[in-house]
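This report concerns only the one structure given below.
Going by the order they are written in, the chains are A, B, C and D; count residues from 1 in each one.
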């Protein structure tokens, strides 16, 4: 998963992008980049680096990024190499002049496109499907805006794109709207970014989420053009609400925290009759679902595990032995809250099961009588080809085991996955009654049905 | 505030100290250090640096810290300069050979001691009262263990000390027990450290908290000696439980999270009859008090503010304008939970009031109808001379304003401080009935009465 | 100017390239890079950075560059941006698989090629003519070796190229042989590099300088193919011998130090009759010419200026005032050798004249009676389009002033430039008698006549 | 060996010290430090680090060193640990307030002093004899200036000291004058430093070398006091002129380059009748002696070896194999100058002989017919206790072997050491006729006779 943020018509462009990226940091901590342009003097400035936003953009680097338009990117590599060379945004010099590109998402027919492009003379300087998009655009006739929709129609996949060309900022959302792109306004400047909070925390106003298949062109504080280049069934990624997005961000008008509390309430209804003393989240991922669960079920909410926020994600323990202490050191148990209790432990999703297994063991070691794991995501049974880093089918424990086996594997008394319908009932803009099971949402990782028509 | 961690009789001494410091990171992020000794070959190794533990101890540095005994320190400067030179532990070469010292706390009669020491030929290479302790020891006759209690009796203040001399590790807790020191065991090694979690997360066993005035000498996995060198009225720092300690640590046998939930319940009783829709913590500091408040009052608990954990504490924003966005960017509001609500906002303490003011404004901007601030610490009216960084009297808003004025200043409908007795009723080991108002605890910052007899 | 170094068929490939680059460091200190390939597992590893070789290749980075074939590059940007993105070697993924490219030189018709390439769909991810070469290759039919000569024939310029494809290493020297490329052997491995010393210091054997227009393909310790793809008049860059190459390197069989001593002797003949007490080099650039001058003229050689080697070239002085002390701090005068003397000061070339002016002033301040500047390069009157960073015509003092004016400007009693014929008489492989003025050498910067037929 | 530099009464104090240290860089590359004081506001600022001056003092650090008085130090550890903690200058808080100390030299009776100091309560925070000097001063009665000479009289050793106290700068040279200290003036500011060039390159004026046993106190641009605190036989370190000092520095009025040329001439007279084609220096250490040799003997001077200045001294080669290439990579041979020649190779001194052995082999590999090594230092037979890093007696090859054996060991046809008298005849201020063999100079490393009366 990645995050993108662009702003135009603003003399502090790079500073604003930097702040925007800070609030999108949860979407990718591997690398970060900003490209800014001084459109009057036609000078582009680039800074990209491995690590999180505040590490990469030391004040002296940020100070060098002059310009009145800028775009930034935070990256968590989904497959492919995590390296400086693949750190976005990218810039390209081509017949359209210098074009800058930031991309969140994944092109599913990337391998075929790459083969075709190379066969006909293309050379790639990055290992990234995002570069292939740019090549596809170059193969089309006409100026950038003419070529763009023609090229995009040849892609199968999920993408939120921000392109800069001179003083123009162009935003694109894929025809199904799998990946999100939000339009905001800050003073006389437009913003394009992945989540609503990134606009609002700057004091800006969210105007709308781009429609699936929408291309929007903005220049010098004005929207020049906005149209649907390709219209397909809406299929917004539901996993964003389960896991990726910030709780304070809104998707289709509803705060993600509210969706998650509703998922927790749905789980409580699914588990009606469970005998438990307390409902407890895995911090911080299960927090809102646990609150929703507690309120709906009437079971007491407890914060039985506390996260040690001083231990960074990217931290590398020097020895294997130390690495094994890591999950312990991230979660401190409050024994008084745990000892002798029947616990409903609420988390978002279960992929490989190894972390859950360690947490259940920690609770049992602290004297928990029973642990019932409740998950606000259904079983993950199929890989994502649209930009979320899920394991291969073989690695997915849900494809191999039923609930009982899973419970046994992780050492819990029971495991409950939310039902797909119940999860979808918790999110906004759900059209399942009208359009079938996952109407309006992409739930391919839970159903194996891919909106763009992939056969896996 | 600082944190200390020592381990002996262990070939992985520095690695263990490193892990211990990671779990004490909340006690000081300004600088960190470890000194290890290879007692067989009589080689001492030092690494200290500015920044947090994982930043200072890059794997290559940690790998160099061979030895079978080691002590570490994390520091948050309480007055004095925050610089590499004052980063502990310190080592000294003296008539007792090489002595290594780590100190948490503050010597209240430090200025007088320094004057006397310099007058009689002492030279100081650090700007730290910890160095003065070492000088005092050197002025006494006899070996290190003979000199130690004689010197300590001349100190007025709060201290948890760990000293290393050859294969000996010596722990000291001040006569009032203001600062904490915990004895633990990990395999065949003893541990001395500031909090119980630092022992338990390593898989070790907590043996006891050192008694006020206790000196303990450990060597090669054996306790050689343990005695009370000076016995005074017990006065454990209550602010540790209000604010500093990890919720999962135990003080006098009770988890800090439990104390905080009890403080929240006490606040609920104080505020009985308040009309509110939700109780909401300032994350993360007010979490457990808010949970206790909600349970006792029956008011719904909501997580209306989410902390952005990707923004480091030490982060420096490049411009003033950006700095002002900072408190916003650290706290994301969940508007649906806030809008139209009468809110009890629970936090730990109020010192200058500026942060609270910003948070109240954020809630009001999101449509909160009323905000009632409830604080699990009483008014701070007097500076701490024992190692906690409180402002001078002039800066303390509580000394200048009553509750009504404070509420007006921060924009809240009301402000409620927990009563001192209620706070003390929430913590373990409280002997107030027996010994008067703050029996067994130091609450000098709330009362102005200093257990070591200072006149301010 | 840049330096290139490739080695194949060697399990320590990157280490050897690293050593090679160290001995080529004088050819470029702005940035350095190595790309290595593990040809069995088909894994490419890249490390590039700004700064000199030992700064960029810290042991931990070098250790990561496994592989049995590798190529490296040191760069001094000749126009264009000095940035990480333009740091070579480059890698490209294309129909020929992964191709790695290192390039020393400059393509003179680069702008036209770039325009044509972009018009027909090319996108550039670097700002470098070296990427354009790769695009040209991709536009040709057939495999890499078939396409290569076809593409090269469309280039006008100077280039020494090393390409890697799988276990193949391909070397190319431009049809005029303007830029150098040397073939060497080290055990069972072949080396391609810019100077002979880079082979010899490793203990390897120089086999030959590639012929102008030669392409050589090496694989697994064997020369697979070697032929002249395009034959033009030989025009080896003479400035290499005047300035760039290490004195210990051989060009056309003669050590550069020997050429420079011969230039000094030629200058002595030109200046016959000069009354001087000592001949003195500007260290280190004028050393060998000064020795040659002294021996031929019989005037005493003195080392009247000593260079302070601890002050790096790239060092940035914090204030303007300090920067002005810089030339002083780099050159320490030996006053006893200078005072009261008539001095012939020998240097290699005069471009803007500012440094010479400062040195002459330094000598006069130390009491020199006369200073006669003797230069082992003729007047630079025309820019280089083949890879040497000369200023524009306007900046070149030689185009605006005669010797008398120049002497006055720099404060010397006289200035003598070596005559073009005399310079050429000093270097090996000179065919001026056969082929006209600069036979066998490119002296375009001194004559304005460009061997590839440019009109300026 | 170390270098010291202090300046007072100057608002750019730290910048000037920084420049001074740059020109003293050859005296120590292990670590560097500057302490500056803003005497009006009584604020001291410290920056010290491992590495050379320009590495340690990045512009942002230097910019922070405000103040009107400052002292700096470059260090090459002479025994003892090379670590951040021993990096000078030191500061101490004591009865005299804050005192800052920079020390070049070594205290020979350091162990006895340390034992006595510790026995009477001193604690050491550095592992350096310089700290012991400070302790000795503190043990004396009276103010700093009263205590200073009393303490110094108890030291046996060599020292050039700069002390700062408030706006006072105090310089001390040891009673024998073994270590150097120069007084200079720059505008309205006085400078104290180790070599004359450090004053002159800043545009300052050298006033004098401090006399042996002189203490000078300077304050606000005025010399307050200057006197001889202890008068002993003058014994200036002759090794400074053989090896350490910059050729452009003056000792007792004569440039070191001139002394070295005279040493070369003395060697030529000693070796009269030698049949050789060329005289060649080991660069850069043998340069001036070789020039002097060539001129005196009439043998042609050649620069047959060129140093690669891009390879830093401190560079660490990643593998043993690479390390062995190191001496080769530092010295490039000019084969044409070497092949078939009988060579007099001139260097400064021979300690362990390993480097000379490699150089002789390099020359022979290039075809040298004979190599005669001429050394401008006599045999080193005794360790230095005054601050120069010589090996122990066992490691010194000169103590074990005669000239013939040494020549055989290093592979040369002959080895000639300058005779002590001849060396002393080459330097200024030599009083050997008046006072015996080494009159006026310390040549203990060559004679075993220590001016301060040590018995070894």
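We adopt the following convention: a contact is a pair of C-beta atoms (placed from the backbone, for glycine too) under 8 Å apart; a residue touches a chain by one contact, two chains touch by 3 or more.
Here is each chain with its UniProt name: A, B, C, D = Amidophosphoribosyltransferase.
Here the structure is a predicted model, which means the values were calculated and not measured.
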(request) Going chain by chain, each one touching the next, work out the least steps from subunit A to subunit D. (result) 2
(message) Need the most distant chain from subunit A, centre defined as the mean of C-alpha atoms.
(response) D
(message) Centroid from C-alpha atoms only, then distance subunit A to subunit C, rounded to Å. What do you get?
(response) 49
(request) Find the geometric centre of each of subunit C and subunit D from their Cα atoms only, then give the gap between the two centres in Å, rounded to an integer. (result) 37
(request) Return the distance between the CA-based centres of subunit B and subunit C, expressed in whole Å. (result) 61
(message) Can you list every residue of subunit D that touches 2 or more other chains, as numbers and ranges?
(response) none
(request) Draw the chains as points, connect those that touch, then say whether the picture is a line, ring, star, complete or other. (result) ring
(request) Mind listing each pair of touching chains for me? (result) A-B, A-C, B-D, C-D
(request) Could you pull out which subunit A residues touch subunit C in their complex? (result) 46, 83, 85, 90-95, 114, 118-119, 121-127, 131, 134-135, 138-139
(request) Would you pull the subunit B residues touching subunit A in the complex into a rising list? (result) 15, 18-19, 22-23, 25-26, 29, 52-54, 59, 62-63, 197, 201-203, 246-248, 254-255, 257-258, 284, 287-288, 291, 295, 300-303, 306, 308-312, 315-316, 318-319, 322, 325, 328-329, 332-337
